[in-house]
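Both of the next two complexes hold chain A, though its partner changes from chain B to chain C.
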Partner chain A sequence: MEVFIAQFMNGLSLGSIYVLLVTGFNLLLLVAMIIHFSYPQVVVFSMYISWVALRFTNNSIVVGVVAGIVSAIALNVVLAPLFQQVMRKRGHVDINATMVISLAIGMIITDILSHEFNSGFPIAFPENVRGDEELFGFGLIHISRGQVLSLLVGVVVVSAFFWLLYRTKYGRAFRAIAEDPDNARLVGIPIFQTGLLSYALTGLLGGLTAVLLSVLLGSASPGLGEAVAHKVLAVSIIAGLGNLVGGLVIGLALGILEAMVQGFITGTWSNAIAFVVLLVVILARPRGVFGMKL
Partner chain B sequence: MGASNTAPDRPILAVDGLSVSYGHVQALRNASITIGSGEIVVLLGANGAGKTTLMESILGIHTPHSGSISFDGTDITRVPADRNVRSGISLVPEGRGIFSSMTVLDNLLLGAHHNLQESPARLDRVFHWFPVLRERQQQMAGTLSGGERRMLAIGRALMSRPRLILIDEPSIGLAPKIVNDIFAIIADLNAEGYAILLSEQNAYKALKTSNRGYVLETGRVVLEGASAELLDDPGIKAAYVGA
Partner chain C sequence: MPLSIFYFLAVAGINILMSWSLYLPYRVQQLHFMTVANMTISGYIGAYAALNWGWPFAAVLLLGVLLGALVGFVTSFAIGDAPAFAVVIVGFTFIYITKTIVENMDAFGGTMGLFGIPKIAATPGGHRWIMFAVIYASVIVVGALIHRFDTSRLGRATSAIFVDKNLAATFGVDVKKMGMGLQTAASAIGGLCGVLYAFTMRSLFPEFFTFHYIGIAMTMLFIGGYTTQWGVLLSVPILWGLPFLLPESVQSWRIVIYGVLLVVILLIKPEGIVTRPLIRRVGTLLGARKRAS
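Up next, the complex of A and B:
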């Protein structure tokens, strides 16, 4: 039972990372109309930027956090014209073309991380950033600072995001574009600016995720983004592409599933088992557990 | 409906020699129309004659390859739709013009995207016109009947502080009783000072309600005149009024 509770907590904190990532992915899918499956790689890139900033400022947490968030927003917004330009040149929204761009971005990022930072070795975040210190423990249950932080920030950020989506004019415009972009244009919604806003907002979500990942994992490697990207794409498809509430549930469920496998089965089988479960689910529900919203 | 036989002296909208193509298909050929500030003007024509293209071009959706459009004396030929909505043109799209997975209230507020601060007063006006929308404001728009959807689309067009409202096929797919209601509301809106451009395939009701009309065929304006005269035109009778 103690193992179960401990792994449940682990799963929730890991799951909240997946939820943040899949929310950003879905937002881009719905509003900017791109499949950006390398988005987690952009997030990992921001972890590296944050790590560099920490090294140059003698481990100033404020600078590290700001660098992570600002670089994620900047990177997302800088990439926006690339996606937009290709879509415009091809006449209409072409989701296949956006996948190729995203793939390229992901590969370039992974290569840059393996050559230009720390000679390609994994980076370790300094002691004061890492959240592995125990806040309280009971038998086998250890709750670390990083777990509490990622769960708290996850809940706050996702709530704020849904508030924005359902209570502000920008959120209303996001939902209108997601449902019917042509009609949104007829109503007078500025499609280009609203799309750009979704890139910036996804950048903000990504930056916060980068900070949480640094705290929770305490390290990063060039391959981290790709590994996470596969899961985020899977979560979005299993939940139903573009389904925000679905992404929330499935993201948390995947985190908990992985943690349980790690807790009860010896060996590193968590990825394989997670993907077997995802495969079975997608065979049973081809349009996703919660239905596609595209 | 004091029918003016000639084009107005100071039009709120003037479209001059407009040509628009989709790829190799030319949807509008040298089309010219004007709308006076107090007028209801109707565009008649069969499916594919270019009515929707003309309306969407006025709004700023399509880029014309020649010709010009001016609104209230200002050239808006290549101005995008969101800026035209901001400056006072709104469109009620044909058929599927509402967002069915959003609430009635959200649909209305979308129309006020650029002037949200005045939305409470605007909502009051819209609910005055369409009391049924007040009752259903928290309902998903997809649950509305066909007539209510039309009202919602017209209500949303009123939320943006328009001076010119373009209404694409207001009667399509509606029961005759509802069609009468919609046309009565269009006439009332015009009496309140909104200039209105309608497009219709079923011409009788539209010509009865409007001041002037234009007939489009394969992207060209082939006939124009006061609505009363068009109603008596034998060719129009045969082609668009029926019976």
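Up next, the complex of A and C:
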């Protein structure tokens, strides 16, 4: 039972990271009409930038956090014209094309990280950033600072995001574009600016996720983005593309599933089991459990 | 044949086949990355059969193709008409699962890989020539079959699905069956490539069959042009050979170069270099010259 509770807590903190990533991913899908497959690579890139900032400032946490968030926003906004240009060339919304361009961007980011940072070796965050310090312990149950922080920030950020989406003018604009872009334009919603805002907002979410991942994992490698990208897309599909509530439920469920599998099954097979479960659900429900919102 | 030339030509041939394995399902707008998993499965099981059961190369080749087709066919029941992103994620998941299985099985050499796959001729030189002939015979046969398909009624039906799936269904095209057929064929090609690659390199490493290889095959297809089968014949030798022409310090940036080229081509020429109008113009030009002579 203790193992179950301990892994459940681990799963919740990991799941909150997936929820943040899936929320950003779905927002871009709904408002900008792109499958930003390389979004997790942008997050890992920000982790690296944060690591560099920490090294140059004698591990100043404030600078590290700011560097991570600003770099994620900047990179996301810089990538926006590429996606929009591809759309314009095609003359219509082409999610496949945006997915291919995003895969290419992911390839570039991953390869740059494996060439230019720490000679391609994984990076380790300093002691004062890592959240492995124990806050609470009972038998096999150990709750670390990183777990509590990621869960708290995850809940606060996602709640704030949903408030923004359902209680503000900008949120209405986002939802209007997601429902019907042509009618949204007709009623005077600035499509380009709102789209750009969605890139900046997802950049902010990505930056916060980068900070949380740095605290929770304490390290990063160039290949981390690919592994996470795969899971984010899987969660998003299982939930139903663009379904924000579904992403919240499935993101948490995946985090708990992974933690449970790791808790009860030893060795490297645990990852494969999580993937098999994902595969079975996708094969059974390729259009998602909660339904697509596109 | 010198070893370096052999490896260049052999891997280029395999890359052409792999790019075609992506081209076929993309005719109905599906990015079927599962072919890389098919390559892994058939390559490893084929190599195991040759090493431990003493199967001859021809039997292993047949096994690889059939195994690929079987896995592709079974999966296609679920994703034959699934949206592109679902097909993509099924492909990635299959790749991760097969890689994990291979890495955890001692019979397949674990993370160290599988070595000592037998030669198919008495001498190394003979092995190379036979492999070269088999690979390019495969390219010709698969290329001819794809051309036959593209110019048939079924090929036109896939073009209709590419433009508008719902409209194609209204005209009586069975979208799911078409997707299933194309995915099965693509997986069979993936299986074929797995065995060819195993006997070309005579060793297999799990790290080869990852996201990177998808990136390479996808870049070759989209830069060459995804609307015809001929684009990859141009893009594969150029892109595969390009890093060898560059200074050594730049060669390690191959994936970044591919990524940048892919982004640029999608921005300036979304359908790739070789398009259907280009093929028609070349055909007309050649026809006019023939008539003039």
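Here is the rule we use: the second predicted complex is superposed on the first by the 294 of 294 C-alpha atoms of A that agree within 3 Å, B and C clash if a C-alpha of one lies under 4 Å from a C-alpha of the other, contacts with A are read in each partner's own complex, and residues count from 1 in each chain.
Rule of thumb we're sticking to: a residue touches a chain if its C-beta (ideal position, glycine included) is under 8 Å from a C-beta of that chain, and two chains touch if they have at least 3 such contacts.
Predicted model only: the values in this text are computed from it and were never measured.
Peer 1: Which one hits more chain A residues, chain B or chain C?
Peer 2: C
Peer 1: Contacts for A:Asn183 in the overlay, against chain B (first) and chain C (second): which applies, first, second, both or neither?
Peer 2: The answer is first: A:Asn183 touches chain B but not chain C.
Peer 1: Is A:Ala173 in contact with chain B, with chain C, with both, or with neither (first, second, both, neither)?
Peer 2: The first partner, chain B, only.
Peer 1: Per the contact definition in the header, classify A:Ala104: touching chain B only (first), chain C only (second), both, or neither.
Peer 2: second
Peer 1: Regarding the shared-chain residue A:Ala234, is it in contact with chain B (first), chain C (second), both, or neither?
Peer 2: second
Peer 1: Determine, under the contact definition given at the top, whether A:Arg55 touches first (chain B), second (chain C), both, or neither.
Peer 2: A:Arg55 sits against neither chain B nor chain C.
Peer 1: On chain A, which stretch or stretches are contacted by chain B in one complex as well as by chain C in the other?
Peer 2: none
Peer 1: Quick one: in the complex, what on chain C touches chain A?
Peer 2: 29, 31, 75, 78-79, 82-86, 88-90, 92-94, 96-97, 100-101, 103-104, 211-212, 214-215, 218-219, 222, 252-253, 255-256, 258-260, 262-263, 266-267, 270
Peer 1: For chain B, which residues count as touching chain A in their complex?
Peer 2: Within the complex, chain B touches chain A at residues 56, 59, 61, 80-82, 84-86, 90-91, 93, 96-97, 99-102, 106, 109-111, 113-114, 116, 156, 160.
Peer 1: In their shared complex, at which residues does chain A touch chain B?
Peer 2: My answer: residues 169, 172-173, 175-176, 179-180, 183-191.
Peer 1: Which positions of chain A touch chain C when the two form their complex?
Peer 2: The touching residues are 35, 82, 85-86, 89-90, 95-97, 99-101, 103-105, 107-108, 110-112, 115, 226, 230, 233-234, 237, 241, 267-269, 271-272, 275-276, 278-279, 282-284, 286-287.
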